[in-house]
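Multiple structures are listed underneath, in structure tokens.
Each of the next two complexes has chain A plus one other chain: chain B in the first, chain C in the second.
Coming up: the complex of A and B.
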């Protein structure tokens, strides 16, 4: 069945959009209105991408609206769940989650050690788990090492701690150069790393997600955990910021 | 595969385009696309590696120019059509042809989102054999030119690195993307920038990659 379907997809691609046979090839494998699914072969995407591109609306908002409508009609999606996810990632999950982890690590040496040894388990102490920190690796900035996180092959990111990636993290300029010229990249972020400090870049090629534990700023000795968390910026947890000012800041 | 996505070490992409105070979603449709993916019912054979491989196969011009969540749309459109769940005609019109796929789970309900935000899968698997490399070993990233999905980036292939840590045995992404379930030892491998790029000569900076055993060979 898989090869039959793939044959249809390829044929559809080859006959072009104005060929009357297309409608036939577009028809799913069905019997009495039940659709039979096939195992998805990612290689088919090479043919499916241009086919879909040439047929669906070019405006992303319209494409996505059509997809949502279809999935709801077919019983594959509850729009209220989409609303809830948008709300969670707009209000609750974002860099402030990571900032709370950093502040706890600064205030509690035992937690810091557990965090560095097994990040995914340690953040559970703060009621956080899942969604891409399942294999969390926390790397610590020190006097002699600065850490920088990237995903050269796609856009892997510790979502549960930092929310949605900033656009630049997902784009090719950062992804290409972070591994080749990390100091040049950092200079664009107005960060200068002394020659005596080694830069360690972490390219997220597997399912581990990297999170930088920045250094606690000097002069913050009297601040409590909550005030400390307000100092921690998103970029400091990616590694595109090193020094955290104690006057301003915040996730 | 040797595709447009494998950008590590490539030059010429210009300035980084740094933003500050960027909202999580730049337009409502981005949030919708994200929420759809988090909560929709999907065939059981889908996985993140098929998602990534599908995105890698996007037209290179579109890969480099279309908004990120629009690329998510394209990937899932491909996956739904390729699985027989939706047709191109349905995606084009937004109108259902009246069929319902059989054998898919129920979609996530709104009241399940709060619990699901702490969800997500583990990729670690049992492994009986002894890992081939030990921490401290020197290993060479294999000089390969794979056709299928591959999480060994081109910029380290052929170069020597040091095994910095053992991550346990994980599902091999290169196999999962092609319907094969296989676990392999996963290592953190450190490469010196001075070994990878001529203009970094004298630098002590390093890049660490998580590489599977089949990405590596002995230094011989």
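Coming up: the complex of A and C.
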């Protein structure tokens, strides 16, 4: 962007000179009916510049744009579906769906048992559809076990329950170390797991996603399902948080 | 890596193109154009290749790897991509600021 701006400013100035590039540039300018400078003037350049062209996206952004154009042309992709996906997953889903699942499990033992037995089928009871049976494994934190979820290969994640992965979930720093040194990784999240508690690490795959059922916090006995859901943070359902405070909202 | 942890207000994506790339991959999987297994393998490989060639361990590298993986799994030719990138660049460079940017074929953005 910076170099292009400089290039434009120089060319704006050079219009009218014998620079061989002027023909091309004059055409662009004339097409957009821009009055160009006869001599270089920084203030005019700043004013004229946006009249000549739009902000050019970064290289990777252009590449994604080009890829989408090609896939649409080839009939592999529907642009509207891509836009709809972005809209839904950026704003609507988030970890709220997962938090509702956790709150229900805390309030309803029967649901909790069905959830642990076959997660994909059980979440259907809450209207969460589209999951093949046995493709979702819910793992429960207890006094003696803490669960941590990772995808060491890429970044597989239960989107329908938790929205979009947090940035750190996609990084090599988390993916490679969560298996090797889970307690060390948890310490970086300021989570200290007593030696008496076993840490189980679950490596997600394309076919099987994991979801942590955190422990219900002490002192939440009188809270209703909706209030409980507000306590459940995204990280607690990945396992990078263990204890949920009851004062502050989660998610 | 963990500096973002405390921040629950963190947006889902840092850049619009991150969201666009990721959404494309998910839509292609959901519509059955790419199998989940093929996708995991292609993405895992693309991430490994990027990091091995010295790319920093950042979300920019991750989403660039998503683009690599899409191109490889759908066998998109580099020449086609480069050609379309240049067409888009030209469209941006010749469209005045504020006007809708369209490819020369007349397709809306």
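What we mean here is this: the second predicted complex is superposed on the first by the 177 of 251 C-alpha atoms of A that agree within 3 Å, B and C clash if a C-alpha of one lies under 4 Å from a C-alpha of the other, contacts with A are read in each partner's own complex, and residues count from 1 in each chain.
Heads up, the rule we're going with is that a contact is a pair of C-beta atoms (placed from the backbone, for glycine too) under 8 Å apart; a residue touches a chain by one contact, two chains touch by 3 or more.
In this text the structure is predicted, and so the values were computed from the model without any measurement.
J.: For A:155, using the defined touch cut-off, is the partner it touches chain B, chain C, both, or neither? Pick first, second, both or neither.
T.: Touch partners of A:155: chain B and chain C.
J.: Name the contact category of A:203: first (chain B only), second (chain C only), both, or neither.
T.: first
J.: Regarding the shared-chain residue A:75, is it in contact with chain B (first), chain C (second), both, or neither?
T.: In the superposition, A:75 contacts chain B only.
J.: State whether A:65 touches chain B only (first), chain C only (second), both chains, or neither.
T.: In the superposition, A:65 touches chain B and chain C alike.
J.: If you count the residues of chain A that each partner touches, which comes out higher, chain B or chain C?
T.: Answer, by number of touched residues of chain A: B.
J.: One more residue to check, A:86. First (chain B), second (chain C), both or neither?
T.: both
J.: Take the contacts of chain A with chain B and those with chain C, and give the residues found in both.
T.: 28, 34, 50-53, 55-57, 60-71, 76-78, 81-83, 85-86, 89-90, 94, 153-155, 163-164, 166-168, 170-174, 188-189, 205-207
J.: Going by the contact rule set out above, which residues of chain A touch chain B in the complex?
T.: Contacts found on chain A: 5, 9, 12, 23, 26-30, 33-46, 48-53, 55-57, 60-71, 73-78, 80-86, 88-90, 92-94, 128-132, 134-135, 152-155, 160, 163-164, 166-168, 170-177, 179-183, 185, 188-189, 198-208.
J.: Taking the complex as given, what residues does chain A use to touch chain C?
T.: Counting only chain A, the residues touching chain C are 4, 28, 31-32, 34, 50-71, 76-78, 81-83, 85-86, 89-91, 94, 153-156, 159, 163-164, 166-168, 170-174, 188-190, 205-207, 233-235, 240, 250-251.
J.: Report the residues of chain C in contact with chain A in the complex, numbered from low to high.
T.: Going through chain C, the ones touching chain A are 1-2, 4-5, 8, 10-17, 19-24, 26-28, 31, 33, 35-37, 39-41, 43-44, 47, 51, 57-60, 62-64, 67, 70-71, 74, 76, 80-81, 84-85, 87-89, 92-99, 101, 103, 107.
J.: For chain B, which residues are in contact with chain A within the complex?
T.: Going by the criterion above, the answer is residues 5-11, 13-19, 22-29, 31-36, 38-43, 45-46, 48-50, 52-55, 57-59, 62, 64, 66-70, 73-79, 81-104, 106-110, 112-114, 117-124, 148-149, 151-153, 155, 167, 170, 173, 177-179, 186, 193, 196-197, 200, 204-212.
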